[in-house]
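Structures given as structure tokens follow.
In the two assemblies presented below, subunit A is common to both, partnered first by subunit B and then by subunit C.
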Partner chain A sequence: MSTPLLAVDNLAVVTAENLPIIEDVTFSLGRGEVLGLVGESGSGKSMSCRALMRLLPSKSLQIARGAVRFEGTELLALNEPQMRAIRGRRMGMIFQNPASHLDPVMSIGQQIAETLRVHRNAGRRAAWREAIEMLRQVGIPDPERRARDYAHQFSGGMRQRAMIALVLACGPDLIIADEPTTALDVTVQAQIIRLLLDLRDQRGVSIILITHDLGLVAQTCDTVAVMYAGRICERGAKRDILATPLHPYTRDLIACQPATSRVGSLLPSIPGQPPLPTAYPAGCRFNPRCAKATDICREISPTLDAYRDTQVAACHHAEKRALNKLPEDARTATA
Partner chain B sequence: MSQVAYGSSPRRLPALLVVGALVIAVAVLLALLAPMIAPFDPILHDTSNTLKPPSLAHPFGTDNFGRDVFSRVIWGTRIDLQLGLIGVIFPFLIGTAIGLTSGYVGGALDSLFMRIVDIVLAFPFLVLLLAIMAILGPGIGSFYIAMALVGWVSYARLLRSQTLILKNSDFVTAARSLGFSHGRVMFHHILPNALVPSIVFAMSDVVLVILSGAAVSYLGLGVQPPTAEWGIMVAEGQNFITTAWWITTFPGLAIVALAFGFSMLADGMGEFLGVRE
Partner chain C sequence: MLEPPLLEVDRLKVSYRLGGLLGSRLVHAVNDVSFTLRAGETLGLVGESGCGKTSLARAVLGLTPISDGAVRLSGKDIEADGYGALRRQTAMIFQDPYSALNPRLTIGSAIAEVLQVHAGLARKASRKRVAELLLMVGLSPEHAVRKPATLSGGQCQRAGIARALAVAPRLILADECVSALDVSIRAQIINLLIELRSRMGLAMIFIAHDLSVVRALCDRLAVMYLGRIVEEGYTADVFERPRHPYTQALLRSIPDLDPDRPLPHHVLAGEPPSAGNLPPGCPFHPRCPSVMESCRHGPPPLLRQVGPQRAACLLYDDMKD
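Right, the complex of A and B next:
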């Protein structure tokens, strides 16, 4: 494979008190690929993506080290105007709650036209025509009329479509979709995912899909990275990760999917809570919740090592599992 | 299938808004048509006709120089409306610009601006206004300057607090993720969303400014005699309050009516736009 579209290497974000929020985040993404970024709330999925766009939510957070290469350009070395030319134009972000991420006092058409005018210097009329065309492409009926409507006049699914049109307007190479379907009902979810995958197929857009829905990952992604407590604990091709997870956390996550559990039994869950950045345990950060933890897990932090062609995991006991070839029965893990 | 209308159904206008707007519309009409409506010249002395009580010829009576109080009240509408509107526009613009910048940029700049606001607010409003006007000299121009120097603080605080909320809102994050500059985010996305409370406040502030204008004119620092201005009329009539009550009463009522109109408009607008003060 040639150079990937996006290569994130050892990215770390720290607070003003030097507490690590995310650490050693490494992944790469080829053109037209879909990467699933999976993990519990607060595991650093969104933070990693905000960091690679250089849009950290607070001034007290900063990128401590790492590299983000986008088409060979080191994003962390760019100045703010150069970075602005990349945001929105080359990479865009779709959010979980489109209702609050659209400007309430600007019509949908105006918002799309604004990005076109900023990034492409399009004229007022040309931008408006193109905005209508974008709305048509994302499947909004009667786009000439709806372009004049405001976000509150759209339904949830239509808002997410409008958000996608907004991000897509300048023809980005990378779309970061931060739980794009969480706030939508199931039938609309399927439509939005379909739309994103069509865009991938037609335009070759790469997508980072942040989600905690492994079912969605199974349907859509090419590769998966699992995050826990600010670190990537396992990463690899989707098929390998879902079929033969090497990290106990991944295995437990899969076991918690309603689809994999028996009808009539209680849904399995992982006991305990993910740790806060102020209280990360020594050793492996998952050890207090891990059924397989041993002494070494409580003392030494495991490194991300390759075990199969595509699969890396940060677990002291991964090698054993990788050699066994057969995955341990996921259901017994949490019993 | 019946056609489903998108969007919100038209809201009914609050009664307060309608009444307030009517009062102000009447005032604006009086101001514009003063030369046609007023039966007498507002500054022409008529020494044969002084201190006459209200009659058919002079519905509001005449003052100690024989001037028709009714005509003077109508002409006064011009000056007082102008006083209120110009006296609000400059503080509004200055305060909005400072509040937006202060809230968005934050840090040392924000602290600096907010300490200045605290200093201005530490003085009683009228005392500061009079002090500045005393330095600048009497006149309507110095009233506007003094108003701008003192009045901006409320607008700055109001817009700053709105900006602080909005700058961390989701749609601002989304605008930043689309590669918009700070300036564009501030003026195109935050400002339009932050303005409503300031506009409502400006309406009620007009009342305060008109009263201040009348007050400084009463004290001889604002509009100068013989111009027909309600504050001056009250001031001039006070010597005759026991013998000729009409000289002070009618301009006083005019001030009350206009102030009432603006405050009803402000409340009605707040209700209509969904702002709570």
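Right, the complex of A and C next:
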């Protein structure tokens, strides 16, 4: 494979008190690839993406070690103006709540036109024309008229489309979509995901899709990285991860998707709750909730090792599972 | 004579007045909705935002004035009855457990308050009952001294459920009570609700926009669109063969874990219009993939028997009853 668009290597973020928020985050992303970053809230999926864009939400957080190469450029070595140029033009981010990321007192069209003028030095008139074209591309009906509307005049799904148009205006190579459909109605969710995939097909953009919804991952992603308590616990091709998960957390997560439920029966669930960074357990961080934990899991932290062509997992017992190749293992759940 | 059902909602209308003094108009958030709920039964109320499911729930609890129609609890009209019996027999579980609990009260005092007001328990007796309730929802009695901010989302929702159970209700309304929770925790809370329901014989109205959650929990299902029920029936029947095109679209948009079933290319177009700007004819017709000429005008179609369930769609109009 040629050099990936993005390669994140051993990225770690710590607080001022040296508490690890994320650790050993390693993944890469090819052109036109969709990576699903899956995990529960607080697992570090958004934090990983903010760290690689160097947009940490607080001054007390800092990148402790690691490398982020974007088309071969080491992002962590850039100064802020250089970084800003890459961030604006080459990477874009879409958020769960577009309303809080759109300017409420500027029309949607103006916002996109302004972005075009800043990043592409477009003239006023050309920028407005292109803004309308962008809105048309993301499926806003009657874009000439709607471009003059403000964010509050748009519905939730339309705002998310406008947000995508805004990000696309810069012609990015990478779009990070942080739970882009979580706040939307189910029928609108599918429309937005469809739109993102069409953009991938037409423009070859790479997408990191941050989500807690494995169903969404199954339908859209090429590769998946599952995060738990600040670390990646399993990563690989989507098909392998879903069919033969090697980490017990991945397996339990698949089992407790309500999509697999039956009428009136209890749902498989994972006991307990994810730990906070202040109270990470020794050894494997999943061990207190893991049905398969043994003594070694409580003492030694597992490393992320390769077990199959595409699949890496951080579990002391992954090798057994990989050799047995028990697909039905994925269906048996810890009740 | 037959015993009246626990809850009877009869041609309920909830309307709000929108706009200023001169240009004001009525918006029907809930329009001509009828259903019954027997003791111990769970009804799932599903629909997109703005379809009126929360307004319906609030009207059933007497929190929003009823514009027309009636809500009867054990055969008694809740308005005529002065809400007294209603307050003692119903409780609500909210979407965001942190904002539903008083942040300055400990979990224990929030629950004890309910016990002292509604059950008239003395302070000492209420303390014992608080411990029982916490155990019942899977917390430990030690959680009574904690404040909501120190609990995780799942624990806090359990505390919210414990407080709802404190009135010893016969009917619980759960409004999107798991949508703010993580997947692994969501399953825990749904299982808790399933357990409590069978142990206490609770009737439940479970409001959700997520059909997959409803499947595990609900006996019956009502799908709402723009203030009206468009399909209603037993959960298994509706899932097996949805009749209304809207229900079909909702079911199709549940993401499947099967990687060989890719995202459908044809998803429902558009978004629901606002309830203040209803189209003529069937309110769903501008988005409906099977729209016919007759759908575009006239009054909205009524619910009629289609197979084992009921659906409000003209596609089934030529079927004989």
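Everything below uses one rule, namely that the second predicted complex is superposed on the first by the 327 of 335 C-alpha atoms of A that agree within 3 Å, B and C clash if a C-alpha of one lies under 4 Å from a C-alpha of the other, contacts with A are read in each partner's own complex, and residues count from 1 in each chain.
In the analysis below, contacts are C-beta pairs under 8 Å (C-beta built on N, C-alpha and C of every residue); 3 or more make two chains touch, one makes a residue touch a chain.
All of these numbers come straight from a predicted model, not from anything done at the bench.
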After lining up the shared chain so the two structures overlap, which partner does A:V118 touch, if you call subunit B first and subunit C second: first, second, both or neither? first
Please work out whether A:R231 is in contact with subunit B alone, subunit C alone, both, or neither, and reply first, second, both or neither. neither
Going by the contact rule set out at the top, does A:D252 touch subunit B (first), subunit C (second), both, or neither? second
Name the contact category of A:R159: first (subunit B only), second (subunit C only), both, or neither. neither
Contact breadth on subunit A, by residue count: subunit C or subunit B: C
Looking at A:L55 after the superposition, I want to know if it touches subunit B, subunit C, both of them or none. Which is it: first, second, both, neither? first
Partner chain in contact with A:A85 - subunit B first, subunit C second, else both or neither: first
In subunit A, both subunit B and subunit C touch residues none
Given the complex, residues on subunit A that touch subunit B span 53, 55, 57, 59, 81, 84-89, 92-93, 95, 97, 100-106, 114-115, 118-119, 149-150, 152-153, 163, 166-167
In the complex, the residues of subunit A that touch subunit C are 40-41, 155-158, 185-191, 193-194, 197, 212-216, 218-220, 238-239, 242-243, 252-254, 256-271, 273-274
Which residues of subunit B touch subunit A in the complex? 6-8, 106, 168-171, 173-181, 184, 188-189, 192-193
Applying the document's contact rule, which stretches of subunit C touch subunit A when the two form their complex? 48-49, 152-155, 182-188, 190-191, 194-195, 209-213, 215-216, 219, 235-236, 239, 249-250, 252-259, 261-265, 267-269, 271-272
